[in-house]
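Same chain, two partners: chain A is paired with chain B first, then with chain C.
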Partner chain A sequence: MSPVLHIAANELRLMARARVAQLAIALVVILSAVAALTAISQGRESQEIRSRFQAQADREFDGQPARHPHRMVHYGHFVFRPLPALAGFDPGVDAFTGSTLFLEGHRQNSANFGDVRQSSLLVRFGQLTPAFVIQALGPLVLIFLGFGAIARERDSGLLRLHFTQGVRAGQVVLGKAAALSVVAGLILAPALGALAWLTLVGGAAPVAALTLAAGYAAYLLVWVLATTSISALAPSSRTALASLVAAWALSAILAPRLATDIALLAAPQPTRLETDIAIQRDLKKIGDSHNPDDPHFNAFRASVLKTYGVARVEDLPVNYRGLIAMEGERLTSSLFERYAERQFADQRRQSGMALALGLVSPTLAVRSLSMAASGTDLEGHRRFLRQAEAYRYAIVQRLNRLQAERLTFSDDSKRNSDPEAGRRVRIDPGAWRQTPDFVYRPASTSEALGAATPGLLLLGGWLALAGGLAWAASRRLERAGA
Partner chain B sequence: MSHLGQELQLFLRQRLAVPTLALLALLSVVSVVAGMTEIRRQVETIARIQPLQAAEEAVVAAWVSRDGDAGNAAYYTFHATWDRPSALAFAALGQRDVAPYVLRVRALALESQIHEGETYNAELALPGRFDWAFVLTFLAPLILIVLLHDLISGEREAGRLQALQAAGGRTGLWTHRAGLRAGLVFVAVAAPFIAGAAMSGASAVEVLGVLAVAGLYLAFWTLVCLGVGALGRSSVANGAVLAATWVVLTLVLPALAHIAINSANPVRQGVELTLAQREAVHAGWDKPKDATLAAFFRVHTEWRDTPPVTSGFHWKWYYAFQHLGDLSVADPVRAYRRGLESRDAWTARVGLVLPAAGVQTALHRMAGTDLAAQLAYQDRIRAFHERLRRFYYPYIFNETPFREGDFAKAPRWAEGD
Partner chain C sequence: MLGPTAAEPAVEIRDLRIERGGAEVLKGLSLSVSAGEVYALLGGNGAGKSTTLAVLMGLLRPSGGSVQVMGLDPATQADAVRRRIAYLPETVALYETLSAYENIAYFLGLSGDRPSRAEMDAALDAAGLQAGARTRRTSGFSKGMRQKVAIAMALLREVPVLLLDEPTTGLDPVAASDFNALVGGLRERGAAVLMVTHDLLGAADCADRIGFLAGGGIVEEVRADDGLDVLALHRRFGEAAAG
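== the complex of A and B ==
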């Protein structure tokens, strides 16, 4: 047996006999399994609830009675953000964003009923998911089982004995790291099982699942190498433990929160209320449909009259009120889009800044990769918001067009004074049924992988750094041992 | 006292002592500064929206008062509400980063307005904020572990234990030493908080309350450290056991409790009630006006004798079915709220067993930044909305013209609301 394998086998035998090691591994494996089971079942449950609500909303829309189309514009529609399959592995920001959006004419509502506002402060302790267990607890188990791997043997003089038998320091470091990697594999196993399940049964994209598996394996390998190296470099096992736990606390506990505060401080965002007011102001500047002498709407009327070659709106072959509604919607919608894109850009800048702290924290790097590959990052929510806005615009304009084409101007103008006209402006509910339902298009695999790339690169950097550290530790040990 | 001074000198000469305490003090200062910056930003936002809102209102007033239609005034005028942070909010930001602290409402049906959210970066909200409550709950115990895990075992490993125990036979030696270290940790974490609280204008009672909670929490961890240390294992083993205890008590068990509480108290009513309320409000357009108004007059008898609606559209009827829409979901609204309160109550119960959850519950309650505070803000909005409705009703039901001067008479959100 090669010395490396021999050392690894010995270390594993030692761990298998130690009560603490057994307990730690059992605990984290059980936790990981519990997390995987609850995350998968919760994910499935909330997906079921959402599709049930979506079906209910679609049914209710289709079932509305004969109405004036503008009533339907305000009746609006509810859409629900479907949960991606891999949310059972890493729900990401799902609980922190609303999952339902009310769409109506000339208003943009917020996505509501996110779990974070419906939960007690316990939600801020972190959610027990397979992702959380590996990100936060996995490294700690590796540290506890590995901090003494080399330091202990040096303290007891065993290391010197190895060296006199002709074992190289590099082989010791490699062997210990190999043993610890087996532990990492055990920690990872339930999560890999969950990924396999989600791929085979849940229909998740295999490439995304593989990316997750590779990312987490790399992440744990960083900690395996760091733990082994620090164990070799530290003057005593106590110092090794202290510095490793400190590094863990910095990476997994401190950095994520610091990153949040730094990013928010550097790039604050306006509140919703201020944005609403800003949009209203801009709208007034372009055209005010309440103002009978508004230049924009006067010009609009003139151009409509010219197009149809008539002198008065009453003579148009279409209902002018419907045309006004379409023009108004076009204006508000373009402003919504401009402000939303600005907000998305602000948020991307914030998130980028937070990810930059991944330079000091591999946990931030793996978190970003994990959410991106699972499709539960903020980009996924933005995609939902964007598609929902496009859908909102499409159905509202469709209803406005019905108002323009199926109603006469004269009926529409006296619908409140003449009961007969009031009856005629209610159009056949078949039109509601013909309105297409909202279909969410999730991120394609290549989009998800693209979003995961920064995190993947950062992790690659960390892996190289940890490898370098292990190499340096071997050199140091070699010189000290000789 | 001179004995304690001697112990202090001894302790501060240790290699890890000063850097560790300095680190904790620094983190505590950073958290207080970060919290105060955030709260200042929120206060500034609240101040900034007032003139914005006034200008908005002036624009609406200018065109509405042309024909004096009160229905338009009520429909187009938004009224700002806000939730001013308490003096202690900087120390425990809680839900203030995900729940709106400024919200505009109109005299229309409330249930489609009150659940509106705020725009925030969910990726940043996910890990939570770096506030003082976080430093106290998560980091201070780690520092205590660093300073206390080798209190006895360190002396034994240095070969001084027997001598120490023989010298004078003072039983209080370990109590003194542990008390000294815990006291220094307390000062390092609490001093920046006291400074921040003083600058934020917190009362002495509030500060003492927070300090008492912090003191109890640190005392708990000190006892845990001493308990583990008393078992007579090596410093390394103590460190490992204590760190594992910390992980289980502050990360694992609260996360498990969260899962258990949320699945035991589902709150699906939120979505259900908004779907149901929309149906009720919009069905109002298709129901006979007389029936709608009759139902409304059963609640608001005072308008029963106003002139009947004969035209195709009248604001009376419109605002009547808006309000009836809210009333139709009163039951699910109550159920939704009960579900949320039940989650909060269970968390408080968990806090009795889990110190980390307990200290967070207590701090956020005192700071007024928890779920209960969010619900209290919603209650104030409900009361304000009621005043708004009652302000507009006389104009609408008596068909009184709404003039420019009437805008100033509308109810204003007051801090005491």
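== the complex of A and C ==
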């Protein structure tokens, strides 16, 4: 057996005989296993709930009685974002952004019903998911098991005994790192099991699952190498422990919180209220279809009359009120889209800033990779918002078109004063059933991989840095002669 | 034990100079240890005794002079030198949760050796560790018991050179005497033993030669054959260390 493997095997035997190590490993493996099982079961449950509610919302919309189409525009429709197959592994921003949208005419609503909004504040602290266990708790266990691997042996004289047996410092560092890697493997194993399940049974993309597995393995390896190197470089085991715990607190606890704050400061976004006021102000500028002197709608009416070759709206072959509704929706929707894209751009700047901070924290790097590969990053949320908005616009315009084509201007104008006209403007409910259902299209595998690439590259950089640190630690240990 | 040839000493140090932190710790130390010889290097605290051992193990590079262990230069052939020496520190460090057998198997395994239980028993018998203690975790071992485990390792490795760093410090007189007898046994097996110590009585008990290290070099060397007057040596040693 090579000295490296011999040292690794002995280190594992020492861990197996140390009660604290047994307890720490058992605890984190149990937590990881519970998180993995929870991920599988919650993912399935959450998906079932969303599917059930979506089907119910579709049924209720389709089951509406005969009505004026504009009533249906305001009756609205609920759409639910289907849970990505890997969301149980890493819920990402899903718990904060919400997964349900109420779609209606003239309005663009925010997503609702995120877990955080429905739960106690403790949810914000961190959910017990495989991602959380590996990102936050995994490194801590590696630190507690590995900080003394070399430092303690140098303090006791055991390290010198190794050197006098002809062992090189690099072999000691590698052997200790190899043993700690086995612990990292134990921490990772339940999560890998969950990924395999979510892929084979849950329908997750194998490439995305493999990306997650590779990313988290690289992340834990960074901590393994860093822990072993600091243990070799620190003047004492106590200093090694203090340095490593400080690095963990900075990377796994402080940096993710600071990243959010720094990103918000760097690319501030207006509040919802400010945005609503601004939109209302802009809406007024666009025009008012009820104002006979409104320049935009006067021009629109002139254009319609000219197109149909008539002098009055009453003479049009279509219901002018329906055309007005369509034009109004087109204008408000383009305004909403402009504001939404501006907001998305701000969010992208914030995400970029948070990702850049991955240069100072491997946890931020793996978090970015994890959310992207799981499809639970902000881009996934924006994809849902865009598709939901496109769907909202399509069904509202479909209803407005029904108003324009199936109703007469005359009936529509006196529907409130003439009961007969009011009855005639009600459209057969079959029209609602013909409205297509919302079908969410998740990101393709290549898109998800593209989104995960920056995090993967950052982790690669961290791995190279940790490898360099291990090499430097070996050199220094060799020179110092323990 | 693999004994060196009679023609060349197992350990040879000539005009060794060591600088640490700007100060010269050793200023031309010269000594040699032959096969089947025990050399005790005596000196006060900070005299450079342990530094000398570190140089012999290739853990420190000399700033001047030459050092040879079994004809090899530790500064450039550290790995080869370490395969030929056994080192016993002042306090022998062992893995506390492993037994004596497991510690021996592990440390010997680092250089690819896989001694059988019978071979380990033979070495532990020679080192004098009680049979009942061999399967126990070493966490409860006394300093003497730890030394016996380390000596057994050295015996199993059949190294020609043993370096002992303050081996009897902290031992009670009986254990110290046992240890000195053990060192005598190593000599009988043909090993070259260099022992650094400030225990004059112990040195006189087991060493063939005693060198007094002071001021960075050997100020006096005496042979056991010449008949040792320990009290007179103690006086001269004290004067040399003070002067």
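Everything that follows uses one rule, which is that the second predicted complex is superposed on the first by the 481 of 482 C-alpha atoms of A that agree within 3 Å, B and C clash if a C-alpha of one lies under 4 Å from a C-alpha of the other, contacts with A are read in each partner's own complex, and residues count from 1 in each chain.
Here is the rule we use: a residue touches a chain if its C-beta (ideal position, glycine included) is under 8 Å from a C-beta of that chain, and two chains touch if they have at least 3 such contacts.
On a predicted model such as this, the values are computed, not experimentally measured, just so you know.
Novice: Quick check on the superposition: with chain A as the shared anchor, is it clash or fit for chain B versus chain C?
Specialist: fit
Novice: Where does A:10 make contact in the superposed view: on chain B (first), on chain C (second), on both, or on neither?
Specialist: So A:10 only meets chain C here.
Novice: Who touches more of chain A, chain B or chain C?
Specialist: Between chain B and chain C, B touches the greater number of residues in chain A.
Novice: Quick check for you: in the superposed arrangement, does A:338 touch first (chain B), second (chain C), both or neither?
Specialist: In the superposed model, A:338 contacts neither chain B nor chain C.
Novice: Does chain B (first) or chain C (second) touch A:166, or do both, or does neither?
Specialist: second
Novice: Does the superposition put A:417 against chain B (first), chain C (second), both, or neither?
Specialist: first
Novice: When the two structures are overlaid on chain A, which partner does A:18 contact: first (chain B), second (chain C), both, or neither?
Specialist: Only chain C is touched by A:18; chain B is not.
Novice: Mind working out whether A:330 is in touch with chain B, chain C, both or neither, as first, second, both or neither?
Specialist: After superposition on chain A, A:330 lies in contact with neither partner.
Novice: Using the superposition on chain A described above, determine whether A:158 touches chain B (first), chain C (second), both, or neither.
Specialist: second
Novice: Measuring by CA atoms in the overlay, how small does the chain B-chain C distance get, in Å?
Specialist: 14
Novice: Touching chain B in one complex and chain C in the other: list those residues of chain A.
Specialist: On chain A, the chain B and chain C contacts do not overlap at all.
Novice: Name, in rising order, each residue of chain B that touches chain A in their complex.
Specialist: Residues of chain B touching chain A: 16, 27, 34, 37-38, 41, 45, 48-49, 52-53, 56, 59, 63, 80, 94-95, 98-100, 102-104, 112, 115-130, 134, 138-139, 142, 146, 150, 235-237, 239-240, 243-244, 247, 250-252, 254-259, 261-263, 267-268, 270-271, 274-275, 278-279, 282, 285-286, 311-313, 340, 343-344, 346-347, 350, 356-357, 360-361, 364, 370-371, 374.
Novice: In the complex of these two chains, what residues of chain A are touching chain C?
Specialist: On the chain A side, the touching residues are 1, 3, 6-7, 10, 13-14, 17-18, 153, 156-158, 160-168, 481-482.
Novice: Within their complex, state which residues of chain C touch chain A.
Specialist: 54, 57-60, 79, 82-83, 85-87, 89, 91-95, 97-98, 106-111
Novice: Which stretch or stretches of chain A touch chain B in the complex?
Specialist: 20, 24, 31, 34, 38, 42, 49, 53, 56-57, 60, 64-65, 67, 71, 74-76, 78, 92-93, 96-98, 100, 102, 109-128, 132, 136-137, 140, 144, 148, 237-238, 241-242, 245, 249, 253-254, 256-261, 263-265, 268-277, 280, 284, 288, 290-291, 343, 347, 350-351, 354, 371, 377-378, 381, 415-419, 422
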